[in-house]
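Heads up, there are several structures right after this.
Paired with subunit B in one complex and with subunit C in the other, subunit A is shared by the two complexes that follow.
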Partner chain A sequence: MVPLAYNYRNLQVRWKTTLMTAFGFTLVVAALVIMLAFLNGIEAACIASGEPENVILLSKGNQDEVLSQMERPLVAQVENSKGVAVDAAGRPLASRELFLAVHHRPPEGDEFHFLQVRGVLPAAFRVHSQLHLLSGRTFRPGQSEVMIGKGVQRTHHFQIGDTLEIGRKQWQIVGVFESRGAAFESELWCDLNELASQFRRDGLYSTVVLRAETPQGAEELAERLRNSRSVSVEALTEPKYYQKQAEQTRLLQTAAWVIAWFMGLGALFGVMNTQFAAIGQRSKEIAVLRILGFPARAILLSFLIEALGIAAVGGSFGVALGAAANGVTRSFSLGARSIDFAFRVDGPIVVCAGIFALLMGLLGGLLPALSAMRVKPLEALR
Partner chain B sequence: MKVLLLILKNLRRNKLRTTLTALAVIVMVVLCTEAATVLFWVHQHVHTQACQSKLLVSERWVAPSCIPTRYLALLTHQEGVEDWTLWNLYTGYLDTSRQSSRKGFGLATRPDNLIAMHLGLEKLDPAAVEALQREKTGAIVSADLMQQMNWKVGQQFTVLSSSHPHKDLRFKIVGVLPPGEYVRNFFFRQDYYEEGTGNKETITCVWLRLRDAETAQRVASRIQKQFQHSQPELKVETESAGVARFVSREQALLSVLKWVVAVLVLDMAIVLSNSISVATRERRVEMAVLKVLGFEPVVIMALVVGEAMLLGAVSGFVGAALAWLSSTLAVHGFLPSNPATRIFFSFPIQAAMVLWGALLGALVGFMGSIVPAWNAWQVKVSDVFAKIA
Partner chain C sequence: MSAQPLIVVDNVAKEYMRGSERIVVLRDVNLEIAAADFVALIGPSGSGKTTLLNLIAGLDQPTSGRIWFDGLEISKLDEARLARWRTNAVGFVFQFFHLIPVLTAYENVELPLLLLNLTARRRREQVLMALDLVGLSHRLHHRPGQLSGGEQQRVGIARALVTDPKLIVADEPTGDLDHVKSGEILDLLQSLQQELQKTILLVTHDPAAAARARRVLRIDKGTLVEDRSMHSGRFRLFEWTVQ
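Moving on to the complex of A and B:
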């Protein structure tokens, strides 16, 4: 039997030390939750960006839209590939796109910012089916009009009716769209030909997105194009393409865990310190417990439970504190492009943080608990 | 001196507690030192005066920039320009796996003033630059790439180009860049770039070095005005503004890093405070005796604060020294290359950070000892002796 009531009363009596140690855990766990939510948010934005029926084509050797350049004859050839779905009028569902990172200087500021502009044709809205207009309207072909993703609106505080100086022209914002948290929400969309002529990119495309009938069809289409001898392109299904983009956060993931373990180690020494101090102060009480008939094993468990209790309480508050970051939106650069994402605290992160806190509590409490178990009653009472 | 001796004796009294507290501070300072190095780097590059007198000229609207080579003479002959160089970006994969982790970013440039025109290359071996001038296919490669690819100086490598399809180039390594500024980069000669890619018409960007920040501002506005109606138009910004623009893209990451540093500092203060509080509670009787012996309350406070600060400073010193040692060992190839050690190639820890670690530890010790010191100040002789009685 473990003297749990005694443990509980002890934590109450030494509430200041207990609270301070638990607060140490709170901070460490909160930091871990925020770091993981940051990475999780980026990954979620990347995953949401791909439609499994779509195949994205880039110029050979390129994995990034910003650097990819494809010429018109090649694009015309791949659009008619076997396996590309067709619309009601029998036209292939293919979206020619020109993606540019342009510099923008707000009228009131003197610093340049990047804006990501995607020039598309009307077919793009049939290929990227997850894109929905939130307000306003779509741009008109041949006009200097743009629609902006809701991420862009949030970051730059642009409104419908505002004009942006991009290149030598003033572009009017005519609509705001969303795409289920996808990377497109960090972009401005406009007419492909208008953009190409503005930036001397006539006849050049960054990517072509082909839509297949089914996800399986898209896989086959990508495979066929990759192995084709007649066309030289990089072909990936959209989910795979964005998954590859998300791979750039692997290094950060490792860094987050290294930071978390180091912080955890600090908290571990902290809890060890508290527990050793508690044992030092309570050696007589431990001796009395032993004389009352509590076995050494019960003393060990009792002190372990105390350490775990501190870790659990501190960890719970840490998760709650970290969860406050859930939904906070920021932008992050992935290669040459940047995406807007929201910190995302989900079940696995909560479980992970909980296990982390308990593990630190367990490791921190083990040595002091072992030393408590070894207290010799007669010597302690002398 | 007497106070210092008392502090030292107190620290030696409970060795286990002192060791555990020190270990907690050490591991947190190790982390704090690397995080602070990153934040200092950003601050230094955005705010130093040197960066204000260097101009980066690129295409006004689109990235990656593409400036016609014919602009070069017009830019470099501007009044006030002391020196100049150019960059042409050449990216690609370093092996056939074509993984993004195996990507290298080549910068074609002038070899003759490589050190003078590039921030962070002051420690580059001049012999490497001379070798680059002799060897047309030469490349000076970052220490990080060298270690990751297990390359040696004198070895050859091929870049499977992603920026210039079907224009794969072969290089011979003639030197290694000092760690810090250029992580996945390698410098090579502009004439080899032109020959290998066939691109003689465009350059990615031009760097101009001016006498001072004021001249830089004047030349910047002159160039912008001169090329206002050209196609393509030019954008001129100081080096620090350019760095600030790129840093702003990583703002979310920097915010998380700042949060981590704040948590670490607070956590260290809590651990120290907890430890000192326990020690103060245990020594209430002694403190009462000291008061009876004539010690002023302020001296007793100083004992508590001094103990925390000394413990913090020594632990901070050891923590920062360990971080610096790890960084130095990693950079010199004594530690295996992995994602955890590769951060040291981007942000190597300077020896001066060891002192910073000690100061941080002392500061944290001070923060953590305020409450225990206040409690020590308030120890009432009569209460303590009444309890004993």
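Moving on to the complex of A and C:
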């Protein structure tokens, strides 16, 4: 094998070209890492939202609670289904919820934006067991009070004590909650009846969340309700529901890879160009190596390694650059709702981006390396 | 001279095709070279010197005829075998040195050893010995660019002899050097033959260089026309076309 020092020093000697070519890989890999970390963060936020004991019900034909509408009789019926856990007083653990995306106009500045508001009853806090207060208190029934998720607080900079104009009323912020990074953190929670009367939705619900004793029980409950003849609802365990929501990012994922491949093609041609130039300049050296007895495949390997070296250098910088996005929080709208998430760079992403860079390096280096392999020693030295 | 020649060139011809035109570069070459001889190959430009050297050194194959080296018919070997054989049997010295610029003198000399199954320690010993032989022990870690032309050629010679080959071929090794440096390089080649019993095949234009050889072959238009043994003072002129 041709010693690695040969490749290393050649890259070093023409360091400007090396770095410029490597920079192409840096850009692609950084972009890829950031795009994947973005999707990863969204998926993580979605999946964290589900509690495996919970079954979420939607009106027939709806996959998303934004469009779901269920009436009181149906809700009352499903709440008493077999398999729903009960509290100490014998009442089913069921949370009736009304979910609305409402206009909000901030006091200063004239830009409208949407807030996601969830009206709930006290049972909600037993069903959504992971939700807990960070500061302030919960809203009181019958009052125009809201508690806000910490994602909302972060993106809108609301404080406890602020009032929000939602519908025709002023609502006061009384508390901040968190829920292990779940989608709820992007929401405002308030009294169900207060919200319903504001928006003329009395007797209508977006969803009912039923809590089973065990995850296994939840699966069975969902299954039974889906197949039931007497009630007509969609029923999914929460993890499944949120996973489906995350699947909406599939298209984005495809788009991310398409972008990466196009950018990667740029890097690929960059390294190809650089390596062809290098081989042109070093054809006499190749000839001498062959005369000394190095086989053609050793030459091929040597120049492939050199291309891979460029890709590795650029790729490493790219990973480092992309990893800087790790933990950065943003909000993103998924379907009709917005979700707060943190960019998440993890091992598989780093490995994926690394392999991508090396693959591009390999493809870009292959043609030049093949031409190096085919250098005819006597002709090159003449 | 030993009875068994190291190299036997038997009725060799070399032709090239340029388009549909056939160019005969060598024809009817018959030659024997004894082990540990120092042979100079001279002749006008374009007469076929380099072509013949390349055939003997296993860099190219004759169009017809056969070549033996130490009993092995090298004109029969495929490319891979020929390459392996070259590493072991032949050392190459070039007119323009052809050292790898990014590698140090030490690393340049080590290159051919990487193709053999040697321990790192053994390689190191051989590299140091070769560089010592050419008087460059104090320049181990210099790059070619940091060495004079003469020094570079001595590194080239060290690289040629580091695998301890039987044959060292040198195509105009002094063509790019001044008079004094040329003398030093020729001294070195001569000592390789005299002290290490290497067989030297030297292609040159320079009469002074040819004068160092024990045997001088002259080639003209692709045929050997003169074969002179210097040490005995004998002079032979062959009609090479009639063997």
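Following the convention adopted for this analysis, the second predicted complex is superposed on the first by the 382 of 382 C-alpha atoms of A that agree within 3 Å, B and C clash if a C-alpha of one lies under 4 Å from a C-alpha of the other, contacts with A are read in each partner's own complex, and residues count from 1 in each chain.
Convention: a residue touches a chain if its C-beta (ideal position, glycine included) is under 8 Å from a C-beta of that chain, and two chains touch if they have at least 3 such contacts.
On a predicted model such as this, the values are computed, not experimentally measured, just so you know.
By the touch criterion defined above, A:169 reaches neither subunit B nor subunit C.
Legend: residue contacts after superposition of the two complexes on their common chain; A:292 is shown touching subunit C, with no touch to subunit B.
Contact with subunit B, but none with subunit C, is seen for A:24 once the two complexes are overlaid on the shared chain. Of the two partner chains, neither subunit B nor subunit C is touched by A:226.
For subunit A, the partner touching the most residues, choosing from subunit B and subunit C, is B. Once chain A of one complex is fitted onto chain A of the other, the partner contacts of A:240 are absent, as it touches neither subunit B nor subunit C.
In the superposition on chain A, A:126 contacts neither subunit B nor subunit C. In the superposed model, A:103 makes contact with subunit B only, not with subunit C. In the superposition on the C-alpha atoms of chain A, no part of subunit A is touched by subunit B in one complex and by subunit C in the other.
Of all residues in subunit A, only 1-3, 5-6, 9-10, 12-13, 284-285, 287-295, 377-378, 381 touch subunit C in the complex they form.
Against subunit A, the residues of subunit B that register as touching in their complex are 14, 16-17, 20-21, 23-25, 27-28, 30-31, 35, 60-64, 91-93, 98, 100-101, 160-163, 165-166, 231-233, 235, 237, 241, 244-245, 248-253, 255-256, 259-260, 263-264, 266-268, 270-271, 273-275, 277-278, 282, 339-340, 342-343. On the side of subunit A, the complex with subunit B involves touching residues 16-17, 20-21, 23-24, 27-28, 30-31, 34-35, 38, 59-64, 66-67, 100-103, 111-114, 166-168, 199-200, 232, 244, 247-248, 250-252, 254-255, 258-259, 262-263, 265-270, 272-274, 276-277, 280-281, 330-333, 335-336, 338. Interface residues of subunit C facing subunit A in the complex, by the touch rule stated above, are 54, 59-60, 80, 83-84, 86-87, 92, 94, 98, 100-103, 107, 110-112, 114-115, 159.
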